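In the two complexes below, subunit A is the common chain; its partner is subunit B in one and subunit C in the other.
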Partner chain A sequence: MAERRPRLLYLAFFFPPSRASGVFRARATANYFVEQGWDVTVLRGPDRFFDEITGARDDAMTDTVDPRVEVAAPEMDYFRWETDVREYGRFRGNFPGAARAWFNWKQEHVFPDKYQGWGTAALREGLRRHRKDPFDLIVATGNPFASFGSAWALSKLMRRPFVVDYRDSWTLDQFKNADMFPPEHPAWKWERRILRSAAASLHVNDAMRAWHAGKYPEAADRMQVVLNGWDPDVVSDEQSSPDEDRPLSFSFVGTLTHVQPIGSLLEAYRLMTERGDHAGAQLDFYGHIGFFAKTEADLKADLGLDKELPGVTVRGPVPKPAIATAYAASDVLVFMTGGSKYVTTGKVFEYMATGKPIVSVHEKGCAAEELLRGYPLWFEPASLDPEDVAAAMADAGDAARKSDPDTAARARAYAQSFTRYAALAPFEQWSRDLVAKRKG
Partner chain B sequence: MDTIERDLTATRREVAVVFKKGVLPRVNAYLREVAPRGVEVTVLVANGPGWRKAEKVDGRAEVLSIGRRENRQPGVWIYMMVVERAPRAVLKRLEHRLPGKAGRAAGRARGIHRKAAAKIRKYVFWPVYRPLRPQALRRIAGRRVEALGLDRVDRVCIVDEGAVPFGWMLANRYPDLEVTRLLDKSRHEDLPVTGPTAAPEVRAPYTRI
Partner chain C sequence: MNVLFVAPSGARAKALATETRRAVDAGHRVLLVAEGESKLDGHELDGRVQTHWIGSSRLSYTEPRATRLFRRRLPLAVLRRVGRGPLRARARRAAKDWRERVVAPLDAEQKTRTQRMRRDRRDAVVREQVQGWAPDWVVLHEPLAVEAVAGFLPALIAERPALRTTYAFEELWDETDG
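And now, the complex of A and B:
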């Protein structure tokens, strides 16, 4: 009789067709585990959330999920997001104050996350599936952190180990390097409770692991670093050399948000072109503006991209499977993040995989610097002062024009060690060993 | 159940329901964006107790008020009369008409009454009335929906939580009517700015219905 494949229950709210920035880690985890011989069941957020609430759906992403991965989408309550009064229930429609008080009470006393309704539904769905065919391991990725609560409860009820994957931090504000909640907030109690019981917790960089180890020393020995990485199906590592005649294209590829120093970038670009460095160079923005379609127009205005700026083009979102086209059209990549020592971003791996010059536009001390330091085509400005950024952009432009194949090859070779699968391999092996040990 | 037949080629019309004065700055900001684009907005306000110092609604909107009806509810009227208005009026007259010591005593009593009435309002009246107010206003507004001209309206925006019961009633009574919590100016960004962008003089008083 064939040996039973280990079974993984994976709680990942943001999973294709969502186009949220976190789905790539979740997608790679599910695909990699299934390729390594696991039966993987993913519980994701409901379609309505991606269609109507975030408006951030990309059906092309669904095709990139291994067909062997079983995906279910438990329903959720939309208390915090529902704007259609007709959809309110009788209780909320007649007693909105009481309904809000009840919602807040649950946040305070049950689980402190607005996605709590999905967490409860995922718990029920997970149990139902476990009764039919038992799982061996539960992995939950946050945000939302309701998935951590559900994994903890499932673990207690199913008597199976669980792992929490901190794609984002829960109680640490990564951009301000400060606590996210006041000391009496229930999130602290829950995080301690979850980390005390978890078989492991995964963090995207060592600074994040160290911060959590400092806060929860009792769980420090079970904390692992699983870096983000780049997806070979998304980024082509074929080298394209820039046409000498066409103006250079400086590109930012990713989601624009409030936390990025876009003012510094726009000013630096203006300074560089006005000085005649790389005359006619273009600055292109590929990607969404913000994570919510409804706030896109406001954010665009806030970022100063609603008016026409010479040479600056907002090219809009590119479906992930077609993103290689955006990279191919770019000569220099602008790595702009609101970074801190806790922020790596998944984008930096993708940028490195292209083998193109990368110019950093972020505060000093960003966690991504550790990775970029070994990349031979990295250009780091002395500060975020537009003069410094303009100088770094000009140097990166020179490197793109020079187009040295050896340096580009070294750059791509360096990036090869940072694929998603390379990052996930040790964790998958650890999970396999854990399940094998438990089965005796 | 009523149904609404709507002329889709007509000017865009919306109703904003405001039962809480704290959301008026948001409503006015919305009006500043959409009124110059020719969107006609009717604002239904419940400017009853506690609205004396409220911001005025932008003059480009038609404002319908149920504040007087709210003040005439038996519970509200009795509280206002017995605790606030009658003692205030009596003590004011006494202060002005009584000579010497008695007049000064009435003046002191008036000050004490003012403070006591403020405390009673804050700690007794509002804690009791606040949870009942959405239902009370739903009933009052529900009897006057004809004044809103819902047959010509594209959507009703329920701006504050207190207006939700009224909105929920409308949603159930008119199945084709959009009833939303969003004041979404982006819906009208396709319209050119044709009207003046400066707000005209505030219309006062509001139209009582």
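And now, the complex of A and C:
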């Protein structure tokens, strides 16, 4: 008789067709586990959330999920997102104050996350599926952190181990390096409770792991680092060298948000071109502005990209299969992040995989620096001062013009060790051992 | 974001003051459309909140002079005049009947017309502000606000699907999610 495949229940609210930035890690996890012989069931957010609430849907992403992955989308309540009073239910429509008090009570006394309604539905769906065909392991990725609560509850009810994957931090404000909640907030109690019971917790870099280990020493020995990585289906390893006559293209590829120092970049670009370094160079932005389509126009204005700037082009979102084209059209990649020692971002791996010069535009001490340090085509400005950034951009432009094939090959070889699957392999092996040990 | 608070009666003055302050603190432009400042006594609004007072309570329906004279004053004055001596009791009964049958309906009509005038004024002002100020978010702060916008808001939402409508100013979503 064939051996039963280990079964994984994966709670990942942001999963294709969502195009949120966290989707890639979730997609890679599901695909990798399936490829390694697991039966994977993913519980994701409902379609309405991605269609109407965030407006951030990319159906091309769904095609990149292994067809063997079983996906279900439990429903949720939209209390925090409903922006049309006509859509309110009978209770909220007639007693808005009482409805809000009830919602707040649940936040305080049940689970402190606005996605709690989804968490409850995922719990029910997980239990229903477990009764039909038992799972061996539960993995939850946050945000939203309601998935952690559901994984904890499922683990208690199903008597199965669970793992929490901190794609983002819950109680740490990564950008301000400060606590996210006041000391009396129930999130602290829940995080301690979850980490005490979890078989493991995964963190995207060592600084995050260390912060959590410091806060929860009782769980420190079960904390692992699973780096983000780059997806081979997204980045082509073909190398193109810039045509001598063509002006250079400096590109930012990714989602623009409030936390990135875009003012410094725009000013540096202006200084560089005014000085005559790389005359005619273009600055291109590929990607969405903000995670939610509804707020895109406001954010664009806030970032100063609503008006025409010479040489600057907002090229807008690029479908995932076409991202390689955007990279191919770029000569220098601008790595801009709101960074702190806790922020790596998945984009840095993709950037490195291209083998092109990368110029950093972020505060010193960003976690990504650790990775970039070994990359031979990294250009780091002395500070975020536009003068320094302009100098680093000019140097990166020179490197792109020089186009040394050996250096580019070394750069790509270095990036090879950072694929998503390479990052996930030790965790998958650990999960397999855990399940095997449990089965005795 | 332009946030418009519609609170015709200012019934929840404390919540109104708090929520408008939170909205301006969050960096929004805030306009409050309410009956008048006196309704918010004791709950000072943040100085950054723009206000537009409806002022409908100053309006009241004025009866035609002929009605006032011939249906209210003159008949009662005549009955008072003749109601002396043996006619006193009958005149008093007749005056009572007149008040019940004629004056009371006149009072009721006057009240109805006044209410209608005030409601029309309220609805016109709210409509003018909602359509003219181009808000991105309309907070219907009390049941009367829903009544005031019921006639035109559905069409406006159909025209501008991004327009938010809620019953309170509250955190809706977090840009960092994802």
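Simple rule for what comes next: the second predicted complex is superposed on the first by the 440 of 440 C-alpha atoms of A that agree within 3 Å, B and C clash if a C-alpha of one lies under 4 Å from a C-alpha of the other, contacts with A are read in each partner's own complex, and residues count from 1 in each chain.
In this text, a contact is a pair of C-beta atoms (placed from the backbone, for glycine too) under 8 Å apart; a residue touches a chain by one contact, two chains touch by 3 or more.
Computed from a prediction, not measured in an experiment: that's the story for all the values here.
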Simultaneous placement of subunit C and subunit B on subunit A, clash or fit: clash
Touched partner set for A:429, first subunit B, second subunit C, both or neither: neither
Contacts of A:96 with subunit B and subunit C, given as first, second, both or neither: both
When both partners are placed on the shared chain, which of subunit B and subunit C touches more of subunit A: C
Which superposed partner A:417 touches (first subunit B, second subunit C, both, neither): neither
Subunit B versus subunit C as contact partner of A:83, first or second or both or neither: both
Identified clashing stretch of subunit B versus subunit C [37-45, 73-81 or 109-117]: 37-45
Subunit B and subunit C footprints on subunit A, overlapping residues: 82-86, 96, 100, 294
Sites on subunit B touched by subunit A in the complex: 130-131, 134-135, 158, 161-162, 164-165, 167-168, 170-172, 178-182, 184, 186, 189
Of subunit A, residues touching subunit C in the complex: 14, 18, 20-23, 53-54, 56, 80-86, 96, 100, 114, 143-144, 168, 257-258, 290-292, 294-295, 298-299
Subunit B-touching residues of subunit A, taken from the complex the two chains share: 82-86, 88, 92-98, 100, 294, 297
In the complex with subunit A, residue positions of subunit C that touch it: 1, 137, 140, 146, 154, 157, 162, 164-168, 170-178
